[in-house]
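Just so it is clear, A, B, C and D label the chains in written order, and each chain counts residues from 1 on its own.
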């Protein structure tokens, strides 16, 4: 089958944007004393592959490791950067930070500080689509550590018994903080999905194309009414759980190197070149991504601080009880 | 293999006691305006088979449907009846009722009002045994509805990753209140255990011998250090979720009859007779069970009411902060 | 107007709102009963705990009246997803003592969604539960908490909850289940954040919360015999509660007694006493008083009758 | 006596208690780190969130220092089983905002076990968490709740918690993590239910809870400049709290200000104000006042610095 070059470029653009966003964030935020959040470098093929497989209107829910997903789905980067800087001009007026920022007009329903805490909500978004008769799906990301939370189980069972159009994407990056998947997670993650009769498949999380194809198929199954899918994407985070985490205290250099050798962006670049895409075109994509991200963080630096109204407004929709 | 007649008599005695306890409870409590709790008739082979397979020192945790388990393991019936009557002379001073009554000196650690809520505690009792190097196991009962709670999943994963000496006994009686297992529980319950690499086996819950044999084997595996087991016992409750529940509104007479035809006590009686046990001996067991239960509830009627001290004492172990 | 039982008033409110707005969805364990068995001749076996949802599945179908697995965290979070996408889920969590299994979804996910998303995520959810464990829920900003005190307020508050764009938690008392009141046949809403004065008085204010309101009325009648004129205020909205109305009453009477069936520590009763002490300080004739159960972790759901009788404050205590 | 950081005082208490009593078991996510990888040359990668459990696995081994899966309800319930069978688990729930996922095990299972079993089930559990979400936990009878205010009280209360036969929840404030105090090198316990008077005063009582105690001391110093003599009381045990000591102080000063970082509604601050209003009524010169964050469901765990600065009451507010 010939490679779909438009798709490859799309994936490459999303991944480059994720990577550049994070490196720019690190550069700016460490200078400016702002929080950096949860590193995503190394896992970009998962976010890009998933998001490229979706259609407009689909809903995406994230985890604590959220900014990669937010970027890949197409959130406004200027407002995202402002949000991470706690500015009142941010996407969520500076209230949300990385873990709760949401931008509904691009289908991004946000992350959560509670690992696996968003999986039930994903089943509800999926049920809404089903009840409304819309060809729309919900996607929820979760980590290999998150699969040990009770709500993972409750959400999968609900999705299965009601045959909901939802795709659970487990980003198995081998660790939950310092704790390896082998230590904490009994059995095999795809078997957990299968136990509920859910189509469950493991993919190479470093191959954006493979992730894309599996999710696209899952999406088709979902809108056909054939129910949920669990995708386990095997991947790796290059950095620690957070920037500054001494991750070499719990994983070996050899292990890290073996993953760096399969960097998802490099892998896709090779595919692209083999498919006849011009190296310069790829370089241009990277440059443009970098420029966009630099502009976003330059903007973030000039954002106005959150005001008292940004702090107090809109706890309730009902104005008669709000600000009581 | 020849039938172990001592075992058969043991099982028969436990089952008869469960049955007689409940029929006596119903007779007395409805006259006396006391709560009856959760019916267990039809499921007695599970409690009897499990409890007969245990050794002294093993720990048993129950659910909301608790009095059957309490009787089968050998709780003091007089004090149990007093407890159900809310008397200060009850096992737990009338505080606990069916769902929380516990009698630790026989290994009965009690039930819970939260379906599946006791499964995590069972893993802790099992870890205690393991850390202490004792040949002791923990058993936790749960219903087919309870397996859809998040803690079911968390407890199974913990038991698996730490290879704990615990046996999870799922009493699949086909319903959670009015909701059938097929409707609410995706896939197959034994597959859920298998997904964590836990030995998982379905048994005929109407055969006390079969339940016993599977649990005895599970017990041996556990004390050998080979980890947990999940047993799914397929059974049925003859009565509604509670006495007075119009259960014919959600299940057919034919279905009920098919289970009445396989009454666990009748089935075991046949096995006993075939093995040469005297019918009169069996009748004597039943009579003795009935007499014991009648005596228990006669006693309950004369129990002293709970006092203010029964209500207020012992919230804390530390006397300096208790009754603050 | 008809003389209506409490449970029926809730049922009527739900039926009227489901007919009025197709986005209202009912979720919970056994809210219909015998799910998936219509072909076998079974439908609506329970109609929900205590009949609150009786008949709804026949009228609105299994798509909108959904029996759930026993997964409170799962289906409450599912309701959050429905709400975020334009539906108005009404969710039954049978008893308040079961709410803790869904605590994270309620207090972290649902309570915070609108605020943290700066208004993007809508959360028009009604959570309904029998029981008195309301204080710990009232602690969390972002949730409207209400406790009806009779059939009339039950219908009005249930209707208001379903129509509200905010997440509302309704605490129904089992003690009121079969109580009756005159209830309008049509639909109506009671405004959130408004207490009602049920009886005028001059010497003290008795504040009722849900089922304790009836106790306050009873106590007021007894106090009248003793020559004491007690004003009775029915709180109705527990969070955010009506500081002005309660303050006005206490400023008039100079005395406040709050009756509360929940645990005493960090409870609604102390919340109210502390605030009113500041707002009515210059008129207070005595320190506000709380009447609550003792601080013991007894079971509310299944306590034996004998224990319950001692456990609950009775009107004599007031 | 040594000048010791807060986190180290907690770490020392744990180490001393583990050495003293082999039944003490440490449980939590990443309490050591790199679990099961000793053969690969990895051990104690994190030493727990913020180093609280640093070095323990080397000294006491992986049997007693147990990294867990991310299953708070599961491992907190597991701790209940350990406790019921003679062990003394110390359980780390990283942040108080994560506690809701284990809410049922904490409030229904652990808080009630001793009481409902009439003393048969022992529950010597210590739950330890960083954060200010204590009020909703204090609501439940059966749990001892404490909040150390410095390294000295952190060590004494941690030791007391581990030795206690009751379930104790320790709320540590991240704001205190690197604060220092003089701490005895040996072991010692602070009694539960005892507040301490940190500064004598005559005009008003400032009550501190955990990290707000430092704010109170600072405010008292500022007030002194203005000629106002403030007494500072450090609550330490949040539930059941020391009514006599707080009452005595307020009876002397006539005024009470409670500073509390938790949500205001049904919070510890209103609990204390309401009770003290009754116990010190005849000596009160003004209505007791609470200083808390506004009632908004903001994130405590990860709020941006700018937001946090506005969100938290500062000592000027006092």
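In the analysis below, a contact is a pair of C-beta atoms (placed from the backbone, for glycine too) under 8 Å apart; a residue touches a chain by one contact, two chains touch by 3 or more.
For clarity, every value in this text was computed on a predicted model and none was experimentally measured.
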If we define chain centres by averaging CA atoms, which chain lands farthest from subunit A? Would you check?
B
List the centre-to-centre spacing of subunit A and subunit B in whole Å, with centres computed as mean CA coordinates.
45
Averaging over Cα atoms per chain, report the distance between subunit C and subunit D in Å.
32
Cα centre of subunit B to Cα centre of subunit D, whole Å, reads 39
Multi-partner residues in subunit A (2 or more other chains touched) are 95, 100, 113-114, 117, 148-151, 154, 157, 161, 183-185, 315, 324
Return the residues of subunit C touching two or more other chains; collapse runs of consecutive numbers into ranges.
68-69, 71, 73-74, 97, 101, 104, 108, 112, 115-116, 141-142, 240, 295-299
By the document's touch definition, which label belongs to this structure's chain graph: line, ring, star, complete, or other?
complete
Of all residues in subunit C, those that touch subunit B in their complex:
29-30, 33-37, 40, 42, 45-46, 67-71, 73-74, 97-98, 101, 294-299, 301-307, 310-311
Using the touch definition from the top, list the residues of subunit A that touch subunit C in their complex.
59, 91-93, 95-96, 100, 102-104, 109-110, 112-114, 117-129, 131-132, 138, 150-151, 154-155, 157-158, 161, 314-318, 320-321, 324
For the complex, give me every residue of subunit A touching subunit B.
148-154, 156-157, 160-161, 183-188, 191-192, 194-198
Write out the stretch or stretches of subunit D touching subunit B in their complex.
25, 63, 68-69, 71, 73-87, 89, 104-105, 108-109, 112, 114-122, 141-142, 144, 164-166, 191-193, 240, 243
Quick one: which bits of subunit C touch subunit D in the complex? Just the residue numbers, please.
97, 100-101, 103-104, 106-108, 111-112, 115-116, 135-136, 138-142, 239-240, 262-263, 265-271, 273-275, 277-278, 281, 286-290, 295-299
